[in-house]
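In what follows, subunit A forms one complex with subunit B and a second complex with subunit C.
Up next, the complex of A and B:
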């Protein structure tokens, strides 16, 4: 393939790359000829896309279906206050083209699903996993395996980060390490558990570094290696990953030959909004309904959030038992009493409801959307977080 | 005695500890020692049948115990075990 030429403006722009022998003029032209698909323009996608654009990757694809929310800006630095409410892919495209007008940015304002993923990804050299949920991570992996493309994986939670290059042609894939997802609810999402804002910056820039190395064919990419980063300990551990001979997508006896229903496989939805959590048909009560009920009836309120969250917002009279302690503290509750369980957005309380139901509690309801819904619909003096 | 490194998602079950000192000559006995000290961890690591959950990855040094002798992998004094969580945030 003939590599594209660089204009004088581009030569000046990439001068610091051209000075490195490992990149040089030819490497920079390789980058100009290359294409990268970034799944998710959130915490990880932000630094990845910004640095790949700055580095001169010729074509960047962005997949996201969300709009910018102010709670994103603590870490999703590609967006800004001026783009709150706008489509994330459009907000990101504008920032990338401002940073580097010489590149092409293709946007896909749609969820990445089994229906569209192969079509979207087939047009790119490399895929970056910057998603925020298990179903999309398994989907991203399987697509990369089926298309024979490298998948630059990064994942974060609170202070922990992981990075690897999953490339089934040369090493293990995501499923070799994680053959199956954790049961729904066992691992909290960032919307529920929180994340240090700078953490995706650290992990995302490492993903961008690996992407550039793979595109340039330089150095030793993290194929067959997993980097484990902990910001609190400031520790970087590396472990060796081997191809799993029993891997269901990349092993010699693989039985998954096409994309599956990943939400069903993981038992959770393919998004991480953490809002409007519902316990299911007939098990929810809305904030408005609860406000009405409380005018006439006494109802026990059970808050299953962590104690430090009560400093942000609280409902008077509510008893606080964090979800993680609920199973051990059931004796503090009376199953004969009518009770409404709540958390921040309704996800943890929905799980609490399952736990209570299995312990014989029948008169419990889940506050749909959590205390945030209460703050939006009933008591506007409370903050939404 | 070996050191077992606990990832942040599981530290709420180890009183916030980042590392736990465990006893035992094999990975299985080290895990028993861990559960004995922090019983709340048990459902996160083992299924109802008492088997290590499929998404739990335990590494001895830089090697997955699945690539060694699994739960029977022998441990030496001061060995370092790392629990690798399944996390999905982005």
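Up next, the complex of A and C:
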């Protein structure tokens, strides 16, 4: 394939690259001919897409179906206050084209699913995993394995990050490391557990670095290695990985030959909104319904959030038992009493309801949408967080 | 019996209640055996053992691997945030 030429404007723009022998004019032309698909334009996708656009990757694809929310801006630096409420892919595209009008940005304003993933990803040289949930991570991995493309993996929680380059042709894939997803609810998402805003910056720029190395064919990418970063210790640990001979997608006896239902496989939804927590039909009570009930009846309120969250917002009279302690403190509750369980957005309280149900509690309901829904619909003096 | 050291990372630290643990284990114990032992003896770790990344001396260890004497083993939970 002949590489595209650079204009005089581009030569000036990429001057600092052209001065590095490992990149040079040919490398920069390679980048211009390259295409990268970024799954998710959130905490990780922001720095990844910004740096790849700045570096001159010729075509960048962005997949997301969310809109920009002000709670995103503590870390999702590709968006801005002026784009709150706009589609994330459009907000991101405008920022990337402002940074570098010489590139092409393709946007996919749709969830990344088993139905569209192969079609979308087949058009790119390399895939960046910047998703925020387990089902989409397994999907992203399997698509990359089936298409024979490198998958630059990054993942974050609170102060911890992981990075690797999964390229099944040359090394292990995500499933080699994690053959089974964690039990639903065991690993909190960032919407539930929080994340230091700068953490995805650190991890995302490492992903972008690895992407450029792979595209340019320079250095030693993190194939067969997992980087484990902790911001509090400022520690970078490297673990040597091996291909799993029993891997179900890239092993010699692989039995998964096509995309599966990843939400079913993981037992959780393929998104991390954290605002729509529902315990299922008949088990929820809305904020409005709860307000009506409380006017006439006494109802026990159980708050399963962490104690430090009570400083942000609280409901008077509620008993606080964090979800992690609930199993050990069931004796403090009366299974005969009518009770409404709540958390920030309804996800943890839905888990609590399962636990309570299995312990014989029959008169419990989940506050749909959590205390945030209460703050939006009933008591506007409370903040939403 | 072999002496080994376990290091817990990220959320596993909170669940284990410690950063590190020194153990004595039978010489023929595998990674799977260690997971079962931890699940039985530390109820807070039981669920985590189903999907934990374990290394022996900084190399990924499969369930079938026999744990060598004086192994330094690290346990990492999967994280999903982005």
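Everything below uses one rule, namely that the second predicted complex is superposed on the first by the 385 of 385 C-alpha atoms of A that agree within 3 Å, B and C clash if a C-alpha of one lies under 4 Å from a C-alpha of the other, contacts with A are read in each partner's own complex, and residues count from 1 in each chain.
Keep in mind that, in the parts below, contacts are C-beta pairs under 8 Å (C-beta built on N, C-alpha and C of every residue); 3 or more make two chains touch, one makes a residue touch a chain.
Keep in mind the model is a prediction, meaning the values are calculated, not measured.
Visitor: Could you tell me if A:43 is touching subunit B, subunit C, both of them or neither one (first, second, both, neither)?
Guide: Touch status of A:43: both partners.
Visitor: Determine, under the contact definition given at the top, whether A:241 touches first (subunit B), second (subunit C), both, or neither.
Guide: After superposing on A, A:241 lies in contact with both subunit B and subunit C.
Visitor: Looking at A:152 after the superposition, I want to know if it touches subunit B, subunit C, both of them or none. Which is it: first, second, both, neither?
Guide: After superposition on chain A, A:152 lies in contact with neither partner.
Visitor: So in the superposed three-chain picture, is A:232 touching just subunit B, just subunit C, both, or none of them (first/second/both/neither)?
Guide: In the superposition, A:232 contacts subunit B only.
Visitor: According to the stated criteria, A:162 is in contact with first (subunit B), second (subunit C), both, or neither; which is it?
Guide: After superposing on A, A:162 lies in contact with both subunit B and subunit C.
Visitor: Does subunit B (first) or subunit C (second) touch A:133, or do both, or does neither?
Guide: It touches subunit B and subunit C both.
Visitor: According to the stated criteria, A:180 is in contact with first (subunit B), second (subunit C), both, or neither; which is it?
Guide: After superposition on chain A, A:180 lies in contact with both partners, subunit B and subunit C.
Visitor: Considering only the contact definition stated at the top, list the common interface residues of subunit A for subunit B and subunit C.
Guide: 40, 42-45, 129-134, 137, 154-158, 160, 162, 177-178, 180-182, 186-190, 193, 195, 200, 226, 228, 230, 237-242, 244, 272
Visitor: For the complex, give me every residue of subunit A touching subunit B.
Guide: Against subunit B, subunit A makes touches at 40, 42-45, 129-134, 137, 154-160, 162, 177-182, 186-190, 193, 195, 200, 226, 228, 230, 232-233, 237-242, 244, 272, 324, 328.
Visitor: Which positions of subunit C touch subunit A when the two form their complex?
Guide: Interface residues on subunit C, with respect to subunit A: 9-11, 47-48, 50-51, 53, 55, 58-60, 62, 74, 76-82.
Visitor: Please output the residues of subunit A touching subunit C within their complex, sorted ascending.
Guide: Contact set of subunit A toward subunit C: 40, 42-45, 129-134, 137, 154-158, 160-162, 172, 177-178, 180-183, 186-190, 193, 195, 200, 226, 228, 230, 237-242, 244, 272.
Visitor: Under the touch definition given earlier, write down the residues of subunit B that touch subunit A in their complex.
Guide: Checking each residue of subunit B against subunit A gives 5, 7-9, 12-13, 18, 40, 44, 53-55, 57, 59, 62-64, 66-67, 82, 84-90.
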